[in-house]
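Should a chain be cited, it is by its letter among A, B, C and D, assigned in written order, with residues numbered from 1 in that chain.
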Amino acid sequence: MTTTTTALPFKVADLALADAGRHQLRLAENEMPGLMALREEFGATRPLAGARIAGSLHMTVQTAVLIETLVALGAQVRWASCNIFSTQDDAAAAVAVGPTGTVDAPAGIPVFAWKGESLEEYWWATSQIFDWSAEAEAASADWTGPNMILDDGGDATLLVHKGREFELAGSVPDAAPDASHEWRVILDTLRASLAASPERWTKVADGIRGVTEETTTGVHRLYELEKSGELLFPAINVNDSVTKSKFDNKYGIRHSLPDGLNRATDVLIGGKVAFVAGYGDVGKGAAEALRGQGARVIVSEIDPINALQAAMDGYQVARIESVLGEADIFVTGTGNQNVITVEHLLGMKHQAIVANVGHFDDEIDMAGLEALAGATKVEIKPQVHEWRMPNGRSVLVLSEGRLMNLGNATGHPSFVMSNSFTNQVLAQLELFGTDYPLGVHVLPKHLDEKVARLHLEALGVELTELTPAQSAYLGVPVDGPYKPDHYRY
Amino acid sequence: MTTTTTALPFKVADLALADAGRHQLRLAENEMPGLMALREEFGATRPLAGARIAGSLHMTVQTAVLIETLVALGAQVRWASCNIFSTQDDAAAAVAVGPTGTVDAPAGIPVFAWKGESLEEYWWATSQIFDWSAEAEAASADWTGPNMILDDGGDATLLVHKGREFELAGSVPDAAPDASHEWRVILDTLRASLAASPERWTKVADGIRGVTEETTTGVHRLYELEKSGELLFPAINVNDSVTKSKFDNKYGIRHSLPDGLNRATDVLIGGKVAFVAGYGDVGKGAAEALRGQGARVIVSEIDPINALQAAMDGYQVARIESVLGEADIFVTGTGNQNVITVEHLLGMKHQAIVANVGHFDDEIDMAGLEALAGATKVEIKPQVHEWRMPNGRSVLVLSEGRLMNLGNATGHPSFVMSNSFTNQVLAQLELFGTDYPLGVHVLPKHLDEKVARLHLEALGVELTELTPAQSAYLGVPVDGPYKPDHYRY
Amino acid sequence: MTTTTTALPFKVADLALADAGRHQLRLAENEMPGLMALREEFGATRPLAGARIAGSLHMTVQTAVLIETLVALGAQVRWASCNIFSTQDDAAAAVAVGPTGTVDAPAGIPVFAWKGESLEEYWWATSQIFDWSAEAEAASADWTGPNMILDDGGDATLLVHKGREFELAGSVPDAAPDASHEWRVILDTLRASLAASPERWTKVADGIRGVTEETTTGVHRLYELEKSGELLFPAINVNDSVTKSKFDNKYGIRHSLPDGLNRATDVLIGGKVAFVAGYGDVGKGAAEALRGQGARVIVSEIDPINALQAAMDGYQVARIESVLGEADIFVTGTGNQNVITVEHLLGMKHQAIVANVGHFDDEIDMAGLEALAGATKVEIKPQVHEWRMPNGRSVLVLSEGRLMNLGNATGHPSFVMSNSFTNQVLAQLELFGTDYPLGVHVLPKHLDEKVARLHLEALGVELTELTPAQSAYLGVPVDGPYKPDHYRY
Amino acid sequence: MTTTTTALPFKVADLALADAGRHQLRLAENEMPGLMALREEFGATRPLAGARIAGSLHMTVQTAVLIETLVALGAQVRWASCNIFSTQDDAAAAVAVGPTGTVDAPAGIPVFAWKGESLEEYWWATSQIFDWSAEAEAASADWTGPNMILDDGGDATLLVHKGREFELAGSVPDAAPDASHEWRVILDTLRASLAASPERWTKVADGIRGVTEETTTGVHRLYELEKSGELLFPAINVNDSVTKSKFDNKYGIRHSLPDGLNRATDVLIGGKVAFVAGYGDVGKGAAEALRGQGARVIVSEIDPINALQAAMDGYQVARIESVLGEADIFVTGTGNQNVITVEHLLGMKHQAIVANVGHFDDEIDMAGLEALAGATKVEIKPQVHEWRMPNGRSVLVLSEGRLMNLGNATGHPSFVMSNSFTNQVLAQLELFGTDYPLGVHVLPKHLDEKVARLHLEALGVELTELTPAQSAYLGVPVDGPYKPDHYRY
């Protein structure tokens, strides 16, 4: 499992950076009780011994705690980021150098991630997490690849599936004329691989016991693969655990929406009128946070059930067109597109703030805005732009319409990620320890409950225990699972 | 569909009572927009024409609005209550006499329900809703029974299933020595029926297209029948619609818990420490209501996910033993038994208030309390008892440990019931209009969404509509359903 | 201090009633920790020994606890109600009969109050609290009247001032032609007194050390007397203690507004739009309660500072005309008149609920409504009327426009009154124990703080204590007072 | 009023900086509606024409909007900061250069402020605002000093009072051996002045019509001067306007406490236990903000009235010793010292966060912590330090115990400052336009109400207006003032 720092990508082998990152890790560990509890529970038995995990997930401080947890449970790990911008270099360095933090005794993890990769570098890094020849050599093993994938967004999984597909076909196709730059980079990467090692991905695919996937997008891709019969190994959908989805969405946004608004604008939220598009988990968190700061919140919804929930929670529910000139802050949390159109932007009050915490940057029609004749864009500071509209008014657009909880704030706090990542580790334990059939699975409810359980003590929560008589009366095991699968929480 | 008032049970044919009830109906109609919207939508096409509904559900003002809605949609109806105490006599009379409210032109519904029935009367009344000979004669029809059941708790369904079972067996069995009084009454009722008309229930069962069931208990019975292969006709589980369960539980309890506490005790809730056992929908509504009145709320939970939700909502989560001497008000909302034991009662502060909004009267160990040596019970007023404990302190027990939202308050408000009953009517429309396979079904999500939709206008909610482009982007129809079945709201 | 039950007004000497009342007292004592703490603190030293208190204040269960506290502190007391309707007969009887509750050993208080007095009876009763001849005889004393007044609304104080004024003038004037019936009764009462005992009130006035006054109205009268130089003895304004005004207004209304709405209408508050006129303490309590039940609250204000507070608390602030057709529930809490006019009533939604928790029944223009051609009034139940308007819609008016927290709910809970009444007792102790100059005084801040202090333990509050160093640093005594007089809390 | 940029302190005459600052001003103007409304109302009549204002107040973006408002109302202004660190250089430059922002047409304000002044530079800058010789020359006037002071903390006022005192005495005394460095600098400054111009401050003092003071500290000094008979000119206490104190404290802290916590630590607030010392306006804002983010809040208080308010608002009230090991976040908002002692710090959970939003850095015993043997301080990032305690645990101390809303967040938002500064401008108008007697005055209530009024439209608030009849009924003018001075809001 050892490696030398010289084998690491240039930016990662920086001992000072590693030292700074190690500070952050220590703080984060305290806010990630789920992961630390797993180290406690499984540190001795090391149930992941023999697991060789290829990880592709934002290389942040929290991920560093995840990686070191996997290692503490016995796994070997190689890691890349799943995004060219999201790496925190000090966290990457800390993991790469390892806890001892000295040049002479590198005991770190091979990490292939730095902030600001080019797409070529990104896909090179992703392919590196599948090359375990050094580890194989050190272990005198007959394998040369991983046996597990931990994925976020599905890029690692894609590379294996596409690599094998093209190997079976004998060639990598040309890109279509309108193909994206990234797709061309992927094809080039696989074309070079095919030339160098024509059975590489087929062998890699054969070795994989399964993948655990973090996100909606990645899960969507997996279900598509399953539907089309192309899925090559079992997958666990971590995204739909209650302890993942509620935390990432409701509680995460409740935290980071006002944080992002404050860092971006310093505008007093109290007394303002805030419009929140969407009352799913994201919208619920957003509305609660804004109300908690003394704003008057107006919600919009397409789903009558969610709309009724918003009304029962005391919010006005209105179409955006009805309140355009009334709101000071507009927040989108729908996952839909063109929720705020250029026409809407033109109808807003002067210096209305427009922020997206939903999904892509087309929730607000940024393309339309950029094409609007007479509109000019003034950078107030990075990720905060005043768009001067032809009508003489301005709107303040945060993070260029992309997720402002990432762009203007710092994303999910460690405690939120502890929930997600404890799900990830348990999913890795499941897939590595049990023969799952081919298909996409959700984590069994008792494990979802376990994730919650591991976060209670840190919050001072005392859990009540069923007596045997009560357990029998309810027909519910003392240790759970406590609820049917369709329970709504 | 006409009948004469003289054909009605004695207490129901009271014109003055009917007049008073009609007042209440008029007020309730305004708070039941879902039902009124269905009258508007289907009043002309009368899709329930031909439906002969045997209804067994608490004969309250809200049920009266339900009944008149079924009739407005074309149905014929006969009605009994599903509880010997729950009938509001004025509502029963109003429905029985009909909207014109005059002796000369009775146009009402055959209603067999009055407050304070004996069990014998109750089962007689229930059997009356299956006797459609008068209607058949008036229509020169070949049928003599209903073709639909609308049930609450499953008693009507039970009568049909057991009646047919005993007819097939050729005899009604003797009651076991330890059988309840009610079971003996049921057997006697069916024994008399078998003697008088040996194929009555077999024919009734053959004529039924399906049943729509309101409650957890009734739904549980239906799933048992389905599992054992005894289910005779399709059933729709109305209980698990979002618009039923959230309203009955979360929003209903949020309303009626403080209402019941106030009517029972007039104690200031503000500043008090309130303990809420259970953080499911009932507990969530209870905790929100108490916090909204300025109480400090402590929650207990057995399920770590719900416990974590409570913590994230800012509540202290503790075992009851840890806060016994600290809390002023104890509320149970678990569905479990012995959540508050006699030992707990003995550890409480002087004049602590103990209230159950969960399920049965064994959530608080009332049997144990009654058996406690040295404890005496003083009636402060009906449904409010001071139990003087042998330790010299008192506890105030509401509604003798039964549901205090019924005993000390007035149950669910009309708007809550409008949601439940709109589900009921839509379920009747489904079962009557579509050939459902044998089995227990939940209402399709688009109908759950429709129930919500019909309650929005009354609350001034404006719903946003997907554009065709957005609909295509999301892969979600403009008119819904908008969410996958596992969506948690 | 003893008396015989036969000396009491007819309705009060009822032992069964007294027994029922004693139950209520016992429960109330637990919710009135301030009074009970005073009994504890001063029960041995009896600092009110020698005080002869003429009390005029609603003869309720809470007042009964007040009276018995005064007695426990050594005072002799005679009592009348300050309102012809507000007496709770069982409470009156319990106090009259005394704690032993037996005929043979009456040890009670002379109480002259019953529910439903005529005005003649009312003023007779008020004059009885000034006739201490029986007590004087028993004590072989030279006085024949009280030396303290405890007043609510100022009627007892009025009688003394007017009685003395007319005695000095030598005659009681005739009533003006447009004088109210009540004023005529007062004049008649004093005319008879003048005839029978021409120096009675002059002597009474001479004997009075001071009066403590409970209400805004009574305090207003006192300031008028002070301004005109007619005030005969020092007065303490209990009304403006923080622990009186905040509890009576903000916390009292937060409790009793939803309570009254529920008892009156059983309408679900959640999801409704509620309009609250006025954002003083009453409006703040009302708005918080309605939001706590899931309503969307819109506030109106005339004072820009209060309006800004409402906005900063997240409420929409609008004129009633702007939201007439939007609100379901209208609440007035202003102390002003014609806040809701007939024109407003005509613009409301069908079955809008209209409720006053402010001051008089002219906050809603009830006179105008009663004069409105084509409007008819239907009693749904006592204190709940549906007014059918000529436009075909209805409004539901609670308590005929009078205070619905009294008419539809049960007024202030015991804990609220414990705060008010602890102020009263401390004010009596001040005036009886200290020579106050002529004038109207507020209770010194340290006593206001003491009232609060005596209510903390019951709520489980731990108070932090200043160290001597901190006390010196702040220039604030360890035991208070902690704040300057203009502090706003 | 013109000046050349070359006359300005070196850092201020930076056109690029001025341009950046002008951007910020434009955004801030939109959030400072009170000031902009005053420009609208008084821009034509220019009631401050003739006013020569010496301003000493943090030279921030918001102050820039204040300065340009004073100028728009006709005043001439010279400005210094009241703190050596608080100047925002771009704001200073923007004001200095003026709205046109070009070298050729400087039309700006003489500003003597930059970030990071030495104490010598600071007092030099302060003395510059009293030197109006250039303006006098341009106007061919006989005056050479200001006629108004706008002060924050009282340094400008101090300089005038001490300068005149020493001039009358004929010499500047030597500093006492234990005098602070700052006091020595002041004495040196005045000694040099006395030498150069022995009647300078006497003349300045003679010319001053009055001072308006922003802060508690400055107001305290003024009351001391008044008490000792040393006050030289009338003063208006702006600090105690409702619209100043509530905004600065309650609403300002509600905004900036979570903002500072987030920027400093990125720790999820939801689910955490937060301890708030003090439940005055600062504590109320802090508690509301933390609850609004899903924390469980425990409050401590020394004042039983405030403690009771906290309990009635649903918070647990406890001494810090009782909950040391339970809380994750500690916030002080008392104005007291040693609220958190070293012993408390030693009893906290690992990585507990400690933050002060009260007053000075002795609320947390930082001196004691620094002296603690075995404690080491690790800088996580500026203003965030991990103190590793000898017990093996850490605490995270924000802003070295100083106000973390300034150190970790960005202080009060513009809207908050708009309230404060509108009070300032109205106070300047009062003092300049009216002959106030010598003494310290608060702003009349109708002006406090006016400040509120000017901020309503920006929040979409509709104010209700009294009818003449209502005005007469209440005895309250239609345009206010609406409340007595002792009203508590």
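We take it that a residue touches a chain if its C-beta (ideal position, glycine included) is under 8 Å from a C-beta of that chain, and two chains touch if they have at least 3 such contacts.
All figures in this text were calculated on a predicted structure; none of them were measured in a lab.
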By how many degrees does subunit C turn when fitted onto subunit D using C-alpha atoms, rounded in steps of 5?
180
More Cb-Cb contact pairs, comparing A-B against B-C, go to A-B
Please compute the C-alpha centroid of subunit B, do the same for subunit C, then give the distance between them in whole Å.
42
Distance between subunit B and subunit D based on Cα centroids, please, to the nearest Å.
60
Residue list for subunit B, restricted to those that touch at least two other chains:
251, 270-271, 291, 294, 308, 311-312, 316, 459-460
Which of the residues in subunit C end up touching subunit D in this complex?
240, 242-243, 245-246, 251, 277, 300-312, 316-320, 322, 335-339, 448-450, 452-453, 455-456, 459-467, 469-470, 473-474, 480, 482-483, 485-486, 488-489
Touch list for subunit B against partner subunit D, complex:
270-271, 291, 294-297, 308, 311-316
Can you list the residues on subunit B that touch subunit C in the complex?
23, 27, 30-31, 251, 254-255, 258-259, 262-263, 265-273, 288-289, 291-294, 326, 350-351, 378, 380, 386, 396, 409-410, 413-416, 459-460
